[in-house]
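Next come two complexes, and both contain chain A; in the first it sits with chain B, in the second with chain C.
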Partner chain A sequence: MKRLAAVVALLGLATATACSSGSTNKSSSGGGGGLFTTIDVNRPGLDASAPANPYNPKGNSFSGFNAMRIAWVKNHLTDPNQALPGIAASWEIAPDNSAITLKLQPNAKWSDGKPVTAEDVKMSIGIAYTQGSTAFSVTPGAAGAAAEVTVVDPQTLKITQDMANPSPKFARGVLDTAVLPAHVWSGVLPADFWDKLKAARGEGADAEKARAEITTLGQKVLTFAPPKDVSAGPFVLERVNPGEALLVKNKNFYNAANVAPAQVKFLNYTGNEQIWNYLTAGKLDSSGFVAAPTDVMNRIKAAPGSEVIKGYSPVAVSMAFNQSKKPYDNVHVRRGLAYLIDRDQVTKVASPEGGTPAITTSGIHQKAAQAWIPDTLPKLEPYKPDVAKAEAEFKDAGLTKKDGKWLLADGKAWKVSMHAPAGFSDWLSAQENIKSQLIKAGVDAEVVTTTDYPLYLEELAAGKYDVGFWLMALGPAPYDIFQRLYGASNGWTNVAGKIEHSPAGKNGNWMGDPEQIEVDGAKINPGELTGKLNSATEDQAKPIMAQLATAANQDLPVIQLWDYVNNQFVNNSRFTGWPHDDEILRLGTGVLASGVWIQLGMVKSKQ
Partner chain B sequence: MSDTLIPETGMSTSATMRRNFWLGVWRVMKRKPSRMAGVVIIVGFAFMGVFGPMFFPDHLPDNPNAITQPPSWAHWFGTDPQGRDVVALVITGSRYVLLSAAVTALITVVFGTSLGLFSGFKRGRWDTVLMRITDMKLTIPGLPLLLVLATVWKFGSPIQMGLVLGLLGWGGVARAVRAQTLSLRERGFIEAARGLGLSTKHIISKELLPSMAPYIAMNMLIAVTGAVYAQVGLFFLGVLPYESDNWGVMLNLAVFQAGAMITTNALGYLLAPLLAILLLTLGIVLVVDAMDEIFNPRLREE
Partner chain C sequence: MMIIIRRLAGHLARGFVMILVVATISFFIINNIPGDPMAARYEKLIEGGMAPEAAAQAVKVLYGFQPTGTLWQQYSDFMGGLLHFDLGVSVSRPGTPVLDVLTEAAKWTVLPVLVGTLLSFLVGVVLGVYAAIKRTGKLGDALAISGSLLHGIPQYVLALLLVVIFATLIPILPADGPVDILFDPGFNAGYIGSLVEHAVLPVVTYALSAYGGWVLAMKSSVVTVLGDDFILAAELRGMKRSIVFRYIARNAILPLFTILALSLGLLLGGAVFIEKIFNYPGLGLLLIDSVNDRDYALMGGAFLLITASIIVANIVADLFYTVIDPRVRSGEDAT
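Now for the complex of A and B:
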């Protein structure tokens, strides 16, 4: 009897699955040229049961499609506060960065017909506080945190910055905030939330308690599941199954008339290899950056209608040293290694399509460096491959060469042990190539992998590795660029606008540079200089950046290997009008640029 | 007189038996050429594992100008994404795979057989306790456990890998050997041995074990394939530390780094370790087939 019941249940399940897949097919073909197919590059693996909540790590909320932000911050080379309009149609930033006044879209409506008001935005800011965003942080003394949020009228809000520790990218932090419907989410925040927030920003035991309560609220926000998707974006979530998520056009969207696709389908994928398959088959209308080897890239380009738009990506990858481990505490060893590694070769093998070899170690992406430090850049040591120079540096460091192999100063064997997370094929490939280059030059080397990226970062921060790969030059804000080299991971923390240095091995300092380093014969404190960037204007920042670039170039806490290229894959068979402008090819963290292009009316249907 | 004669006759009988046995083996082998092929394959793999890496330098030469090349005369299975010869990678990588497989097989068989024999022969309380332990062991799913273990243990050496796989794999053998022992111990020849007052040691080592030898040997060979699949699978999934010439890592990189499913250039890189595994399995299957006939008189056609 039980067996019979099980069979019946299984059959029922099979029928249900068959029905659901059948209806999906129907809706896909029904859309005709109006169906836009893409993937969420930020999140492998669709989860059919995840809520439409932008803060949920698996949430079925696709930023730019069915999730809106106040505005869409651009990828400008130097100005972090530039953005494309989102829920805010326009905004005004006070000249001293002390406040931002937002004017909302006059016709903005939620998909259930209710208008989007300043109260919705205020509540969304409250939600952002529970997650600790850059502008909305309850951490005492955090840089660039907001002080007051005032609703001026139903279409206008004013947000002021706490000028005790201001940041030039305060406006960016405000604009890059998700907007949620207050009539759906209001239950998540308690009625006295804003009083609590005020208490949390004070000092003493009460403030501690209030902060803890807000952090607890953060957990509630992460798991909150709206009964159905209520979106202010161009699309609204229709349904999700493990294979795909289907979104339909939101007729109430303020710019609905210019939104080309009638439906959007997000395909499920688990790894890059699956995305390559979709792209070579010409299935995707758009996909964000995906690393691909040259052969695969050629196949993708050969797909009908396929186009690869190359743009600027403010990210570089470097080989970082743990200076608590010998011999990496010696700058001559680091320089010697820089002379041994042929970065052109590394990039050619590891990331020929997704990267450009670093011209030198400056701490800045080469494209941004042209804008920030055009005069200093040519003066920096390029570290072109040069075995003689490398040997001279090694000798300066006291290393000895015996039977063609370099030994440590104390005569012990030296093996450069490089670490990378297992799934990062381009990093692994690069390390394998570096290993080969080093072994040929008499430096023993090995490549060691860690199961996944979070564990890798944890072990790296705990100082377990000698050498590891490290993302750097994360623009556009100057502080963000240099804090990767002279920030918390190297001992300098910014607490309430004051820079403090922790010794190597303490408080997440795994790089272990000394507090003062010598640059052109003079001692400087690079962490303090980096801290200054947090409140400097563009013109003030330039000389500091030049100084820091010189410091990074001479001190080499890392060897900059290649600067990433932003490859956007699009297909012109069904839609056209793709932007080629660097600044909007890549938007804020987690934003799917194609959704923003669609909502702004750039993307046109071909039929 | 007779006292001196009997041992002589005994020795010559056993020598004759041994000769007859090897003659039988040869006859069985000759009957199907595929069996000879199996032996050649296994000997070849053993040779590759032991001596293969000696033919190559410690650090295989790479070539950044010839990455992921299709098969050619210079590189029979093409090159990997570092421009290294794929055949060289398969050969240098064979030592880890085969050594750990051998260790696994050894542990599975020694552990499983001794436990099964002891349990089946002693019966009673010992049997119950040991078999419940075996049952419990059998309920532990191997692969998920290995995935968890891999996060804490790095399996740097093939011996470690083999040890863990072996300790995970003896359950089936123990159960089967126990069943065989239970059936054999009731047979006439064991009863006769007991009646003659022969020691337990003699009965187990001279009477029981030889009758089960083919069975154990087959299990051992099958354990080799199981171990190869398990560790190649683990490396393929990327949960174990990366070693560029490991077969599983090669498969992983072929698919996820070189794009072997998309471009034909990386096909050789994907096929080489696969073919090696296939060939090894084939060799084992053919030898097992021969063994079956050698030890099972009923299958002999003569």
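Now for the complex of A and C:
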């Protein structure tokens, strides 16, 4: 017993020693303007050996912190080209969208002291071509692709749009481009890159070969590892271990005087539970959107200094039908189900904090809908829960009710089989709730869980499911919004700007809408209308969107369940000044908004 | 000596063949796992606001790292690479050699699992002997009960319990990764202190969860040996207590060495729950991530590493047995 006590005492001593030596050093290293702690919600799992490369999926390049873009595109409801200044201090867009002229920050420097020039931006655009980007694409006929990149002077660039297939979001595509130091990266691109690019944008075998070469070059870009991080952002990468990444203030940053933190620490996480724990413990100064159940959300809110900022997230979730399967080919069945499902209840159960019940099915997030189609929205059928209307629709579809249960038109049993991937807790909760509601109304239902998301998507695309959940309304650009309903998953593919339709079950068409549907007595082709949105101006887009929203509302390829809410978690204990403006809570693909807020001087250290 | 060398040669030849067989089986299983990782990646990009065409091109570039050609061509490339210790490149960590990814992760697995295993073995064996000798007393009962209890608690429950107690209620130990980034890496007190501090909870979790098994196994083994005739004979011959105890310990511990060797072989499989809960980015988590990402090369490499380590552990256990148990050596001589 004495020996056991001695072992325990030794262990305790070792622990205490370790704790004390760690904390002493810790406090001495974290001084200066304060340590800002955050996570990269876009990428779980830090990789200590990954390069500081913004294109590498595991790269230790944190957009907004040690990675800069030309500008930071906003989450505007209707204008995709609005942005906050980044490496470009200002820009001018031609009235017909044919060109954008960028003026760089006059004092912009890399962390190694070299100035940021227009040549850096041009090279970065070259790199962007190898990865695929909206504006810098080698895909033939891609809408909104750039035609020429011209360095006007060391501080000015002009980029023109290929007006053969213009897009109103061309400027957004340009502005949302990562800026890299040419003196570090230029060796990645071959000397004849721009000639190769010109060839790739043509037609024929040579163009095909050039495109393949550029795609191969993309792999070289992905793996490129700069010897050390050279950043034009407010921070530069100091070191990474598998649990954390440390960034220190870049003294050469053009707005360094207004950057509050001296250091930034990114914490690793492997799942949402860890983020919840960090937030509950008040460890994070800021975190992007992460889904959390109500009890967890309440614990997070109760943490000292904790604040949840709610904003617009251009994403909605829907219950999508495979119309190749009976009885979902019948619009009356889909409508009947829409009348049976209480979306308020579903949202309350599945996503009370992260969603608002869809006011109806329009194919578009309700907040964006109010801005784009304010006159059409009130005219849409709201599909409020109404059992009588549901029964009438089912009867119109030829369904029969026997012993309190709805049967198919041929008298066979009918079971609504809903699929969702394991781990998508909000989707599964929603489906369980819908199942209860349907069973109560006499419609047999079941929830089937798929092992993971890759398998779910494969089986969904293969048409194996009757009903699945589907993300939709992915804005802010109108084409991006509606292509989720009337794009490849429903048979319409955009090949070189030309819309082609594949029959149900072919080429990934699992929704199976007919090529033409009747809306208000007239036949329309929703895929072609959606394709038009790719090049339509705001004024041209509005009537098309109204027509598509009406089509989605009448035809119901999906039932829109809830619109997501962008919950940003911040903590006011150490830093303040967090913005509450909807448009800047979400900034471009993969951008960490808190880094942008810091570099613009919005975030202040709490004294 | 010749016997040991002959045994080693035989084991190595068999081990090599087994690795090739396992590599072949795992290659075909892995390459037939259903799921569309490209679609999942594409969905993630457009959910983040990327335009569909741009996302499609980005996915095309990323998955350009996937091996091409027929399955048989891929298989022959894989086996050819294997003979040169080339396990291919990762897709989830584009272009990074699989071997580098595995090596990086392995060090974070080996530290807590090896220390935890050895600690639990030492404590468990000592207390197991004690529990057997004092099996009719209260202390013997208490040790046996503690062994059963800790053996019965799932590892993740134990880990969560320790996190709640030592990282949340009485926050004296970290549970958020292997080391604090604020310390300069190197041989300095702060860094090493931080490493130790961060390793305490994972190591203790592993040790506690494995301890029960060692206590119970050792107790049972000692009780069996205690009933053997040679122990009775030794006692009747009036041998010293310490010599009798050595006889008991040496005979009772033999089966536990096999289990220990296999445990050490399995340690490269990682401890998924411990790694996940304590944010320790070891091989267990890497394997899970590689499955989620459908990173076939990484999956294959991880499976192969685990297989090879188990085979090596088996060989070591067998050779060790030859050394420590004369009966095995004489058995070999007889053949």
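Quick note on the criterion: the second predicted complex is superposed on the first by the 577 of 607 C-alpha atoms of A that agree within 3 Å, B and C clash if a C-alpha of one lies under 4 Å from a C-alpha of the other, contacts with A are read in each partner's own complex, and residues count from 1 in each chain.
Keep in mind that, in the parts below, contacts are C-beta pairs under 8 Å (C-beta built on N, C-alpha and C of every residue); 3 or more make two chains touch, one makes a residue touch a chain.
This structure is a prediction, so every number in the text was calculated from the model and none was measured.
K.L.:
After superposing on the shared chain, does chain C or chain B touch more chain A residues?
P.N.:
For chain A, the partner with the higher number of touched residues is C.
K.L.:
Once chain A of both complexes is superposed, is A:Val349 in touch with chain B (first), chain C (second), both, or neither?
P.N.:
After superposing on A, A:Val349 lies in contact with chain B but is clear of chain C.
K.L.:
Does chain B (first) or chain C (second) touch A:Val448, or do both, or does neither?
P.N.:
So A:Val448 only meets chain B here.
K.L.:
For A:Ala413 in the superposed arrangement: first (chain B), second (chain C), both or neither?
P.N.:
Neither chain B nor chain C is touched by A:Ala413.
K.L.:
Quick check for you: in the superposed arrangement, does A:Ile439 touch first (chain B), second (chain C), both or neither?
P.N.:
first
K.L.:
Scan A:Ser425 for contacts with chain B and chain C and give back first, second, both or neither.
P.N.:
first
K.L.:
Just checking: does A:Gly271 make contact with chain B only, chain C only, both, or neither of them? Give me first, second, both or neither.
P.N.:
In the superposition, A:Gly271 contacts both chain B and chain C.
K.L.:
Would you please give the residues of chain A that touch chain B in one complex and also touch chain C in the other complex?
P.N.:
Overlap of chain B and chain C footprints on chain A: residues 271, 451.
K.L.:
Report the residues of chain C in contact with chain A in the complex, numbered from low to high.
P.N.:
Residues of chain C touching chain A: 34-37, 39-40, 43, 45-58, 60-62, 64-65, 92-96, 100-101, 104-105, 108, 123, 126-127, 139, 168, 171-173, 176-183, 185, 189-190, 192-194, 196-198, 200, 275-276, 279-281, 285, 289, 292, 294.
K.L.:
Under the stated contact criterion, what part of chain A meets chain C in this complex?
P.N.:
Those in contact with chain C are residues 1, 3-4, 7, 14-15, 17-22, 24-26, 29-30, 35, 42, 45-50, 56-58, 130-134, 137-139, 142-143, 169, 173, 215-216, 218-219, 222-223, 239-246, 263, 265, 267-271, 274, 278, 281, 283, 314-315, 451-455, 457-459, 461, 471, 474, 476-477, 479-480, 483, 487, 494, 586, 588-590.
K.L.:
Per the contact definition, I'd like the list of chain A residues that touch chain B in the complex.
P.N.:
Touch list, chain A to chain B: 271-273, 276-277, 280, 292-293, 295-296, 298-299, 345, 348-349, 422-423, 425, 428-429, 432-433, 436, 439, 447-449, 451.
K.L.:
Using the touch definition up top, name the residues of chain B that touch chain A in the complex.
P.N.:
59, 62, 64, 67-68, 81-83, 150-151, 238-239, 241-242, 244, 253, 255-259, 261-263, 265-266
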